[in-house]
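Quick one: the structure is below, and I'll ask about it shortly.
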């Protein structure tokens, strides 16, 4: 008992310590709780990764927007001067129409709330939501659950549509009539492109059933534009005088420095196109990935340029072809677009390099079939778009068939490429043919000879430079 | 008592718990306090929203800076080739002068520490602070209370001044002498523009008494440039041979693709112009708003392009006018600048669309009065600037008069538009007339015919392309 | 004892308080610990300054990438039309080669893990690390210890190499053969530039022994390009017909508006070049500095433009020289590149202004020595690069000799400028001479007269504009 009491006394001796510690803890507690709350508010108020993510879309979006200027310069430089004002005007107009259509209906189709046939169905055609026509942003005062500003995403998606439309413009230049072209653009950006996008980025059948993988759109954007351009080139036919018999009459571009500028602007914009397709930048892992995508994207373009230079130097007895070099860059960029993150930088050079070679080989092939692609958009965007998509599994474990892990696989990629091709060719054929049968798609021979600048917009691109 | 003792004993039995809890709390406390301190330093050191805000100004600023290139290309493309080198040089020079003047005095006038007449006075002319000439940045090592890097704000403000100056340049092209033009630019950017800005963004009478609302400067930037251009065009007179009797002699631009490039660069820069005028990006609400402004700004330009296309097609029998389309984009952008956040995207299309129509209608109107505006800057920047400003209340509750809530209202907008017009017209008249009476503002007829390139800079824009 | 017992009792009376406080503290503790942990994860997960830093490199990097387009436009505009397609092609190719070489070996040399001769040795030649050829990014899933995404830094470094290579391209235009030029570019970007960079940014002898200071590369980038260009111009010789006796035959540029565009694009890109060389943006101090660098960089270009305008107006009887104005901007930008942060904005104007004057004075000087620099790159990049480097100590305490504090000092700067010059001149001479003796560096007189477009790439820049 004495022992017990002694224990109690020793225990009690510690009482003041406990007391002090407890009370002090309680007091500090208040301070810490207040500091913690302040910090929480600061961290939440600053919305750090929310802002970082939104910046990615906004900055990425505007530099992709500048790709519209890039296409404009490339095409204005590669058409003959008598059509250069028209081509410039078309590019401003198509960018506008793409934005309008994607707002009215395109976004709604691309990211459907539900599928016709239900979630167990084919997931082929989305069911547009009645309240999602005329896309609107939602509550600006709160963080969106998506983790980024809603309009930043819409904006970023919108400039992608415009890219697809720009591709068509170059191929069918110098003979397509303005209004049918713009109507085709409207249908492409309102329906055709969004349907294809819904299959993959909208969580449709390519995504859920085939593990189709297309990071930034080699197939979904570039091949869609390329297929539509191909159908347009066939239905509209080649420029007058381009082909007689087996001979190909060259019709050189009128302003090569502008085409070079266009190439650089496209290259520049592609950092946004691929980099911001990472879709987030608020964590170390995300921003590391964005940075790696920048480096890989650049290396693929480098590969495309050098491969095109070397290939043309070999094929053309030491002379390189400037337009092939420019298209080599674009071909390299399209090739890496389906997977700009997983390849090593060396693989990126190779993937882009093959793209550059494909461009050089595909141009004469098209001529052989008398398919007149004024700026070489079909080789760069369609051929390289397919190549870039098909090589994806090679840097992802090289699965052959869809598997349980959902790895990218060759069959899935082939299905994606094929179904996209079939759908876009079919839909484009219907639209181009309807336009041909109703209002006509091709300007008169007279207008073509005079140049579309004079014929359709009553103003010449370079009134003082040419004797015309 | 036994009961009491029992209570004590039971109480004492809890002593070790209290003891443990207290001491443990105290120990953990240390750990938590340390972690909290580390976190506080990390959060404060990373200065997340401070950085986000500053980035908004810096990125916005450089892309607005690129608008100088946009104006340069638009104007170089729309003048005749004999003046294109001069026009390019002027654009480089005016951007430089604007920056210099805004540094020397402009910023000081635009954001006055005090008002002549005091805070109860008219708040019309600010009292420049003696220590604020030659703007300097302050302490780089600490967070500015403003919530963003001081120089980021200065830089962003500076590129706005340059925009106002760029507007004048296009209107008076092809006949104004270089040095008088540059002196006018210096006065415009040192005094005229800053005084107008002080009324609103510098918390002067338009802001405090009229609830005038001009988000990014339809009136403060674009109409200021437009009024100064209008006065210049009248005082300098039209180009030789432009008008005889009631006839208007067209003098087509020499390089339409460059004008298209200029349009795209302006469009691109406008995302910074309007978007970064949100002035903050560090919270979800702010970045959501920036994103919505991007989307709305784009839709207004879309509306301007399509409206100008359709209007010219209707007026000119199916032919669209390329320069009208380009100016339609700019008109749409100017129209949405006074309020790019509140409108829905559909309203943005409409606001921009009306702007595009106004451009098409205003151009012949100016010609009727023999006001020779070489690039169409007055319709796009002045007319659309007024339109954009007047429509602001419509998306803000449509107050008619200033009210207690400080809502934007039609009378306030009218006062802002009117006072700005009166002041800029008066000041510009004084400056242009002084220049006319002293050194002359107009080059000789001989120089005009020869072209300013040869006459004033001794170098041709395109020495190999033209027979001249 | 009663007293003692009383004390105990009073003490014990506080027991419940201690108890409550302790237990409560313990409970709250859990809550606070959980909240703290959540916050820590959020803060760490959002990686705020890591992302901010990486963004600085990525955004800075892409706008420096656009300087490649700027050089391309400047050069395409300043050569004669018969060489403009070639010049455009070269610019696309050199940007590609620079990227490839810097990836293969350049980065490894520039940032050596060890020095030949060891850390106590000269630190002149780095020892390339065996595992650092073909730069690869490292683990994407974790924060790099460097505090930014690894590939963002690589990308930013890579666009600097391309800048150095671009400088050479303009000087030797219109007569250098394509392939030797590209091989020289490869050596310059693989070895010569990286060795120089290793001395300073790679922590070599200029950094550790001389306190050499070159913030963004007036010497390391611009003078390296300038020296290589100078040697090239001398070894290749002037264009045919440029000089006879003491007479200089002017060969005016073919497209001045493109040169203006190039100037604006370079100016735009320079915000990234200098601003992102702050290397961090995640704290208030860093972003304040980045912002101040933007403002100073702009003011130096302003100074360069205005000084070149005034100087040419004085020298050439009132006529200003457009190409001098453009090069004045570039000269001003190069001059501020060695130290864009410390100068006041007024000092920035002066530093840039002297640069602008140097450009105007150096151009005729080169002509006197019959050194044919087609675009004026040597005055702008080499002369101003030296000037900008030598003036650094003036805004840093003006130390004359290296001191213990490691301040920038005139002797150190002189050593840096001198050793760089000697090394680059020697290395470039070897490479250019080897090329001259093996494959030849200069096209035939026939090719030069015909123009390199036809001779080497079989395609004209402007086939419809010139009678040629």
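Letters A, B and C name the chains as they come in the text, with residue numbers starting at 1 for each one.
Operating definition for what follows: a residue touches a chain if its C-beta (ideal position, glycine included) is under 8 Å from a C-beta of that chain, and two chains touch if they have at least 3 such contacts.
Which protein is which chain? UniProt says A, B, C = Ammonium transporter family protein.
Because the structure is a prediction, the values reported are computed rather than measured.
Because chain A and chain B share one sequence, their contact can be compared position by position; here under half of the interface residue numbers appear on both sides. A rotation of 120 degrees, rounded to the nearest 5, superposes the Cα atoms of chain A on chain C. With centres set at the average Cα position, the gap from chain A to chain B is 30 Å.
Shown for chain A are the residues in touch with two or more other chains, namely 12, 15, 18-19, 21-22, 25, 29, 32, 36, 39, 43, 46, 48, 55, 59, 255, 261, 462, 465. Chain C contributes residues 8, 11-12, 14-15, 17-22, 24-25, 28-29, 32, 35-36, 39, 42-43, 45-48, 50-51, 54-55, 57-59, 61-62, 65-66, 68-69, 72-73, 76-77, 84-89, 91-93, 96-97, 99-100, 103, 134-137, 140-144, 149-152, 154-155, 158, 178, 255, 258, 261, 453, 456-465 to its touches with chain A in the complex.
Of all the residues in chain A, the ones that touch chain C in their complex are 12, 15-16, 18-19, 21-23, 25-26, 29, 32-33, 36, 39-40, 43, 46, 48-49, 52, 55, 59, 63, 80-81, 252-257, 259-261, 263-265, 267-268, 271, 275, 281-285, 287-292, 294-295, 298-299, 301-302, 305-306, 309, 316, 319-323, 325-326, 329, 344-346, 349, 462, 465-466, 468.
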